[in-house]
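Below are structures written as structure tokens.
Shared between the two complexes below is chain A, which has chain B as its partner in the first and chain C in the second.
Now for the complex of A and B:
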């Protein structure tokens, strides 16, 4: 379903969504972050891309799984803890981040669904914002089957036009949001349609960064396990978690017990973010580490996204958001690396 | 003015004569104008070396990494490493010498002067020229920074685009080096630390709120720790698994390892992490400012270190990394040391 919404009516519509917790881009120091908001009059002109992607809501950096006690009523006691029930609408989600959800679903909502992710996923409504102009200097979604107007993973996609938002209502969840204030939504005219198409064409022409021949990458990668490329490209790596923690698709975690009392023994089992880029991620209790150096860890990051995930799920686990490139403190550049990989196969 | 050709010449000579096993310097990165650290091993690659206001990194980190790597090798190449150091970076070398982490003959220092300028804060510059494509960033006259943007030269005064650490720097040329490039122009700091002044003026409650707000955003990506050449411990209290575990470590020994801090990025744990780090850097931090630069959440981490730098000066007249022969602050005491904080 396609609609249009007057720019000045955005705030009115959002005000009607009283039954939801609302999240939107909020400026913090030098960057944007999805934070809870009480109103949304407009998307600021300088809004680019949030720092921590939508996974911070779907796959929070700390998820309590259950509580435990070693002796209550004569035996061990476990209490399941599920995410609280609250419906959340997130505004201003960029297409790359929304596609990230689709990829996370492949991992967490497939054969054996993860109840924590599932519950959060069911409760989240994604209201996207298409990208014109492009939000980042390292956007490359176009090379990976995405695009600045991609609707994958979204319930609604908004496109900022001259005086209106073009509103693409994509799911029953999206329809539910529109129904909260139907009087603000109108059918688009032919001119509205043309304006939207034109913006998409312009946006698609703006990309400066791309991967040449993405289809070549995974067959080549399978031959590159021992390549010297990994050592060369990873020399300056800091072993920090920025590239993976800010990635819309990286989802590795650690499970740990947080003890609140030792007598009686009480605590919580929690799931927290972890990353293949930390040296201790693969550390065995024997002291052996199968990924002992930066080269093997960079290789893992690239291989997981562009080979292993393709083999397992038939899709590339990267949406081209460019965060790992823009935010890397030492300029490690996945686009550059992938182009080098692709040229190996040429 | 630092002539990059002279740095290249020296690097080429050192490599050709086999005096060093490599040269750690700056090269043009994959995103054009922004320099990245690199290890040059072949004389024919020295022309990749650059020197410009985007050379922000403290390359002493890689000296530390190489030292650790050497310890793992059976037959390591014992020849020294050449490394390009700015003023602040050279002081990090002094701290490593004071702490006997490295010996002086393990490094050949290619000292570069920041003259009366410094390095660019990418965030500041991108706020001034948001979407335009920057082709070149070079030093201009009087500490000014010249950026070539869309073919046009634009001159920025230092206070607009230099990193805060450089605006506050009072040691803008190397204090220890083997070869020196550029001129020793002593410059006055614009302010030694306006950020610390501001926080010292806050009431306790206000100060707590400030840090709660800042540290609540910490993702514990550990970029600040990873980039710090002073954070060289093989075992860190914040890691859930101890690196000091060896194949011979028994289960009992492992069980005895104390968990000082939870892995969850909860506010309480974030406080522990950042305060532990700050205390461990007291009298050691040389204010290269890398921790703050790399923080993806824009947490003003430098303020903690600057505060302790100020305290080290106030209490002990001590400035980190000025003298490799001086005993390090934490490993010495005098009977006259102030102890009025013990009550």
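Now for the complex of A and C:
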């Protein structure tokens, strides 16, 4: 379903969504984050991309799984802690972050479903914002089957036009949001349609960064386990983990116990984000480490995204958001690396 | 109710036996689930044992699935969780979730001679298969065990091994000579090469330190074993046990669900990241 919404009516519509917790881009110092908001009058002109992607709402960086405590009649008592029941609407999600959810679903909703992720996924409504102009200088979603107007993972996609938003309602969840204030939504005219198409064309022509021949990557990668490329590209890595923490698709976690009292024992089992870029991620208690150096860890990051995930789920585990390139303190550039890989296959 | 894969069941320690003392102590624990719940599993599968307040560790179930009275785990004291386990007493409560992993394909081994080759704590996963094969004696051909450790003190299941010798050939070894030791002295792979088990209708199952496994496989190949006649287990660091936390992978395999049991034919096609 396609609609238009007057720019001045955005705030009125959002005000009607009283039954939901609302999240939107909020400026914090020099960057944007998805924070809870009470109103949304517009998307500021300088809004680009949030720092921490949408995954933080579906897979929080710290999540309590259950509590344990000693009770008098012998031994621990366990209390499962499931995510609160609350419906959340997130506004201003860029297509790369929304596609990230689709990829996370492949991991967390397959085989043995992760009930924490699933609960949150059911409760989250994604209202996207298309990318014209492009939000970042390292955007390369177009090379990976995405695009600045991609709707994957979204319930609604908004496109900012001259005086209106073009509104693509994509799922029953999206319809539910529109129904909260139907009087603000109108059918688009032919002119609206043309304006929307023209913006998409312009946006697609703006990409400066791309991968030449993405389809070459996985066949080549499978032959590159021993390549010197990994050492050449990783030697300056600081092992800070930013590239993975801020990635909309990276999802590795640790499980640890936090205790608040030892006698009687009281505490929580929590999961927290972890990263394959830390040396102790794979290190056994014995000291043996199957991935002992920066080269093997960079190889893991690239291979997981562009080979292993493709073998398991038939999809690339990168949406081209560009964060790992823009945020790496030493400028390790996944786009350059992928182009080098692709050229090995030429 | 939806299944919560991270929530352990509670289990009681019904017995603890000290197998090995000294600097690298090993204890064997028998566990039963509270409330009489059953815990079905296959040989070669593992379970996540929780010590609340310390964390979780993945441990092989070393008893046979045919035994319903208890679950057996033999645990080497390493860090937080395993140290806490070593400090526990009979009657203590721990958490248990699982079983995890693929297990050994015992159904495919009917009628075959099984050659078990273990080193150190690596006897644990082997023990489950061996005990099962002994209980289903008619289903299998000849059973043979090779087992070695650094010193005679470091051998696990010493009492059981003594009894086992009356039923099947057991070839023990220790790394260096000790007074009173009248069995093989040397590494496990050498002992295997020395005794030359026949590859005829045989399956070799080897678990232990990576370096031992490497040379056992080499030795078996020299003796004429094909890659699909050799099975081993892989140990990678684990957290979730269900292929989500991203920690234990070798290539696109997650050892916690696609392993830990591999035929050499399969393992050799995967990157060497274990």
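Keep this in mind: the second predicted complex is superposed on the first by the 341 of 346 C-alpha atoms of A that agree within 3 Å, B and C clash if a C-alpha of one lies under 4 Å from a C-alpha of the other, contacts with A are read in each partner's own complex, and residues count from 1 in each chain.
Criterion: contacts are C-beta pairs under 8 Å (C-beta built on N, C-alpha and C of every residue); 3 or more make two chains touch, one makes a residue touch a chain.
Keep in mind that what you see is a predicted model, and the values were worked out from it rather than measured.
Applying the stated contact rule after C-alpha superposition, one finds that A:187 touches neither chain B nor chain C. Contact with both chain B and chain C is seen for A:256 once the two complexes are overlaid on the shared chain. Of the two partner chains, chain B and chain C are each touched by A:288.
Shared-chain residue A:267: touches chain C; no touch with chain B.
When the two structures are aligned on the shared chain, A:241 is found in touch with chain B, with no touch to chain C. Contacts of A:138 after superposition on the shared chain: chain B is touched, whereas chain C is not. In the superposed pair of complexes, A:279 makes contact with chain B only, with no contact to chain C. Of the two partner chains, chain C is the only one that A:66 touches; chain B does not reach it. Within chain A, the residues touched by chain B in the first complex and by chain C in the second are 254, 256, 274, 283, 285-286, 288. In the complex of the two chains, the chain A residues touching chain B come out as 28-31, 33, 46, 51-52, 61-62, 133, 137-138, 235-236, 238-242, 245-246, 254, 256, 258, 270, 272-275, 278-280, 283, 285-288, 325, 327, 329-331, 333, 335-336. For chain A in complex with chain C, the residues that touch the partner chain are 65-66, 68, 74-76, 78, 80, 82, 107-108, 111-116, 118, 225, 251-257, 259, 262, 265, 267, 269, 271, 274, 276, 281-286, 288, 290-291, 296, 300, 303-304, 307-309, 311-312. Contact residues of chain B toward chain A in the complex are 29-31, 34, 36-39, 57, 61-62, 123, 127, 130-131, 217, 219-223, 225-227, 239-241, 243, 245-249, 254, 262-266, 290, 293-294, 296-298.
Contact residues on chain C toward chain A in their complex (touch as defined above): 2-8, 10, 12, 50, 52-56, 78-79, 82, 92-93, 95, 210, 235-237, 239-240, 242-247, 249-252, 257, 271, 273-274.
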